[in-house]
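Residue numbering begins at 1 within each chain, and the chains themselves are lettered A, B, C and D in the order written.
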Amino acid sequence: MRIGILTSGGDCPGLNAAIRGVARAAYQTLDAEIIGIRAGYRGLIDGDYQIMERHQFSGILTLGGTILGTSRTPFRNMRVVEEDNVDKVYAMKMNYKAMRLDCLVALGGNGTHKTANLLSDEGLNVIGLPKTIDNDIFGTDFTFGFHTAVDIATDVIDRIHTTAASHSRCMVIEIMGNKAGWLTLYAGMAGGADVILLPEIPYDIERVAKVLDDRAKLGKFFTIIAVAEGAMSQEEAAMKKKEREAARMEREFYNVSQHIAAQLEKLTNVECRTVIPGHMQRGGSPCAYDRVLSTQFGVHAAHLIKQGQFGVTVALAGQQITQNRLADIAGVPKPVDPESQIIRAARNINISFGD
Amino acid sequence: MRIGILTSGGDCPGLNAAIRGVARAAYQTLDAEIIGIRAGYRGLIDGDYQIMERHQFSGILTLGGTILGTSRTPFRNMRVVEEDNVDKVYAMKMNYKAMRLDCLVALGGNGTHKTANLLSDEGLNVIGLPKTIDNDIFGTDFTFGFHTAVDIATDVIDRIHTTAASHSRCMVIEIMGNKAGWLTLYAGMAGGADVILLPEIPYDIERVAKVLDDRAKLGKFFTIIAVAEGAMSQEEAAMKKKEREAARMEREFYNVSQHIAAQLEKLTNVECRTVIPGHMQRGGSPCAYDRVLSTQFGVHAAHLIKQGQFGVTVALAGQQITQNRLADIAGVPKPVDPESQIIRAARNINISFGD
Amino acid sequence: MRIGILTSGGDCPGLNAAIRGVARAAYQTLDAEIIGIRAGYRGLIDGDYQIMERHQFSGILTLGGTILGTSRTPFRNMRVVEEDNVDKVYAMKMNYKAMRLDCLVALGGNGTHKTANLLSDEGLNVIGLPKTIDNDIFGTDFTFGFHTAVDIATDVIDRIHTTAASHSRCMVIEIMGNKAGWLTLYAGMAGGADVILLPEIPYDIERVAKVLDDRAKLGKFFTIIAVAEGAMSQEEAAMKKKEREAARMEREFYNVSQHIAAQLEKLTNVECRTVIPGHMQRGGSPCAYDRVLSTQFGVHAAHLIKQGQFGVTVALAGQQITQNRLADIAGVPKPVDPESQIIRAARNINISFGD
Amino acid sequence: MRIGILTSGGDCPGLNAAIRGVARAAYQTLDAEIIGIRAGYRGLIDGDYQIMERHQFSGILTLGGTILGTSRTPFRNMRVVEEDNVDKVYAMKMNYKAMRLDCLVALGGNGTHKTANLLSDEGLNVIGLPKTIDNDIFGTDFTFGFHTAVDIATDVIDRIHTTAASHSRCMVIEIMGNKAGWLTLYAGMAGGADVILLPEIPYDIERVAKVLDDRAKLGKFFTIIAVAEGAMSQEEAAMKKKEREAARMEREFYNVSQHIAAQLEKLTNVECRTVIPGHMQRGGSPCAYDRVLSTQFGVHAAHLIKQGQFGVTVALAGQQITQNRLADIAGVPKPVDPESQIIRAARNINISFGD
């Protein structure tokens, strides 16, 4: 039994923990050989791999990043079957055979899962593992990496809180998440944000300004706003995607946090500052929750291999580890539901979503 | 609407976050008045309380401990209806009326919930909130405080790891949990423990010693053992509780970690050391996960009050917040299931449970 | 004895610890009354203050921010004695008398100390306390807040490290410090940066690019660059300040990190990303080092008051707490010395300063 | 040029950072070969070593423990020249020659430095590096590892604080340090302890009890006591060492924290609990301060080698890195001076030393 593993897409805490889970369970329950494919699908296309030894999986549980390296999606455009794509898929199939793989475990986010599904359709034995700090993979309650990113973003908000209060300022913290607001929602709630702006709930800047004014009336001269990268105003939400992108290029500030801060300074008398923690949200040692989840996910992948169940991705349903068919989840978005229990809970403690 | 709140039992991260959740949702959705009862049920017995003001719930989301104070269970013995108990229950009923409460929200663990159920049986409107670092309350997937304690215990194991490796030692870390091994299981898995000893899976010290020997044969001269306070050997497990307690008093070392370390030093040639982090596992600021969960729990309590649904405790089922009847969960244990998926996952990556 | 305290300038960890140190020592050794002046010198100008009570200094040792509030320097231009300035100084003198202060303790950075010196010249009894994350106050080895900021920035670099390695990227982390590079130097060394760019050592971008190329030749496809906000190229260093500012406005990217990343992408084949942690470097709970230092500084201020020694600011010399005359240190810069022992040490482990 | 390195004595954060500093500076400025001696002096006695490669020093800056392994002092009794000792010294000299070393860098605490001095007297070229969390090496202001241990112990006190307050308890935290109280003093001050008990200032338990009573009178029903492992009562201080050891064996509790807690419970009505964080104080990743200091120390060792200056140990004097003669510092204690500025500062903010 030869198992190929690759990690694809952006960095995410827990990748090494998941790799270790797959490998240790595969060694123990399948007596398998592990083939480490370098730098994501690029390594599969180029035939860049190594046969791993057991000791290489020691001491990596707590390590950030990925010992296999990663790269962005190999395809320029997933939706069109361009000639280039056909060539790359062909190369991946050939290398899968050349490496004499019995199956391929692909750790990644939405792009990774689309490619995994495509390779599965081509007849390869593929299993996905859902990693992303964005928590936007359909069919799993949580992806690994998410809760670590929540911890990091929450820590940022905690630090900003004291500055906001001391200076009587409004602080706008821009949190990762272009299409889905999970990270901003959780970090915002954990950090005690007064306003949370998500892609799923378009905001009205006047309503946000009103929060600042209302707080000032209560003698609270500072406000914490957690805003997702992909948050959009109600006007923007009414546009088509291309129009919206064009409109953003026209703004004084491209980053949403700076755009919002500038608008709020005009609408209120409050001094506004922005913080954009950026990439630090996706690096470093995974938190305990993600170490356990990644390990369980990895072990479950080995379990599925043992059962010969391919064309699936591992998932969390409640507290149980299970799996979904790649065909059912690839490319399906998982936005925050504006009517969900957690959004209602946030509203009930007077958090504003600017709507 | 007058809502009484109390926190009872051992300290636990997230108590203030939950109190804040109840209060902010109650102010906003019920326009209620919040009565803070001091030091748990003792305050209800003694009539020691204060009418809270809104600002008292500001800035406490991140704060460890409880602004209301806490105390251990008011009853010396829950199972016998002693005269003393009757008096105390009577006092609590009288003070509930004297405070003109419409309901009582009790935050605590198993003991707290037994008393809550008792007061509910007596006709008071009671709602429980399940807090405990032990995660041993029946009917909820997780209690708040648990994941913070996992983080702390994992951090201890992380620090110990380097010392173990540098000195080629076996380190035995004793983690809280007398009846349930949840905390040890999660922290052990997150910290990369080689051996995890739980109350639910009695160990054979010879098998634990064999792990050390087997690792030495592979050139790994250090071992990490995570042991729950309440872990027991297979001989102890065969005893009745009183016998077991008596046997422990006879041992050279009372603490299980020291007992195990001493035995392992005799059975192997490996130097063993113990670490007992103790109370630090139940103090300090809650992690992001627990802040969100505590907040959701608190808001749900307000929601139940609004619906007039009493005699229940809030619970997590999957990722949904729900509730259970106090009568169904009070006094029901929630041990780790030795056949559960997570235990099997741990075994599949070669973690030994000493059995 | 009535002691006024104010905190002025940007937020900085340890302000509350220092305030507590002054207050507790003043209560105990001087039986003094403490007057809290709100929002820095603005409160002294406006007569906005309160008589503090002892309990207000409890529980603030670990708290970020400042319980007194802060504001930027009250003067638009320190160097010119404008009419506005004269009015403000007059107002401060009047309020000092109106509050019946025996002395004023001013916590802040360079701007704060200039104003403190000015008030001292006007006959007020003033004592300064050097706080700033920039560590750029002349005459003291360290300011409080600095080591906390080093911890935060180092943690950012740690997290970024794994992403850089996994993606084979160059990561450029922009660290606070406009005029002085202390924070970047310490965090860069602690975080294992390959390149450190400081205002005090102008860089040649070609030399920085060469580091990336040289590393690639050794098989290291990632590079960590720690750059101070105020870092400048050798061309910029040759300009006058106004020219330099104008040139920066012309650049594609205003932020130095983005400017450098863009240039490096052109000069090398390496993908470059930036991280700008910003304000999170100046907020939150102080680290242990800063709690002890702030406390010692605060106590020393009370000691100086007892001795009637005014017109001075507290300082650290080696491990001793001492003081300097305000007249000797106000407005004197404290840049990193390019020939200092620590810079040479950094060079000896192959850290490049781009020169 | 062949440089041998060994790490000896207890684990300590910063060992790997210091090793990396020596190695990187030696490679760059001396073009040296580094010989890694395994498990401290034991490796020198047994001839257990390896020739290191450059890549082995990559990525270890942040790593706890020591990549070289460590062991306790090789001598059973340093003070007597036993036959066994003579044999071991002879073996070390022979292996030094057999390895063709030009010098030996020994990283360790007091025991390590005594042996280093002994080897220096025997004609070997030895340089010491002062590592210990206890900060008790004469002639250096700080050792590396100390500030990390302060951070860890302070974090423990922070977590305990909330539990103490919520339960109205006295918490007694036992901090490492048998002969010197530096760690307890700094962590106690940083953690806001009410009482700090050090080996250097013998306590009177009645006076400690009085602190609890006095606080209760002010409405503060909890107390934090930071006690060094080696703290002693005034009665014990009057005894000879052997008597004292014998008396301790007779006590109900051997650990000083438990002994004190039991006494305080008898003398007051306050519930007392103990926390003994133990080995976690000496493990894990070094804090930023220690990473910089360790690096500077390591680089300075390479600098001394280049200058041919042996028989010395690296030291911190103020903020300068310097060196002392091994003969001048080996075996010289460095206790906290009860009359020092920092002790007086602590007393001035009403911290009790129980005297």
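The rule is simple: a residue touches a chain if its C-beta (ideal position, glycine included) is under 8 Å from a C-beta of that chain, and two chains touch if they have at least 3 such contacts.
Here the structure is a predicted model, which is why all the values come from computation and not from measurement.
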Checklist outcome for this item: A correct list of chains touching both chain B and chain D reads none
Item to check | Intercentroid distance (Cα basis), chain B paired with chain A, Å | outcome: 31
Checklist entry - Roughly how far is chain B from chain C, going centre to centre by Cα mean, in whole Å? => result 43
Checklist entry - Can you give the whole-Å distance between the Cα centres of chain A and chain C? => result 35
Checklist outcome for this item: Among chain B residues, those touching two or more other chains are 158
Item to check | Pairs of chains in contact (touch as defined earlier), listed by label | outcome: A-B, A-C, B-D, C-D
Item to check | chain B contact footprint on chain D (complex, rising order) | outcome: 7, 11, 15, 39, 63-66, 69-71, 152, 156, 158-163, 165-168, 171, 273-280, 282-284
Checklist entry - What residues on chain C touch chain D, complex-wise? => result 20-21, 24-25, 28-29, 61-62, 141-142, 147, 150-151, 154, 158, 186-187, 189-192, 287-289, 291-292, 295-296, 299-300, 302-303, 317-321, 341-342, 345, 348-350
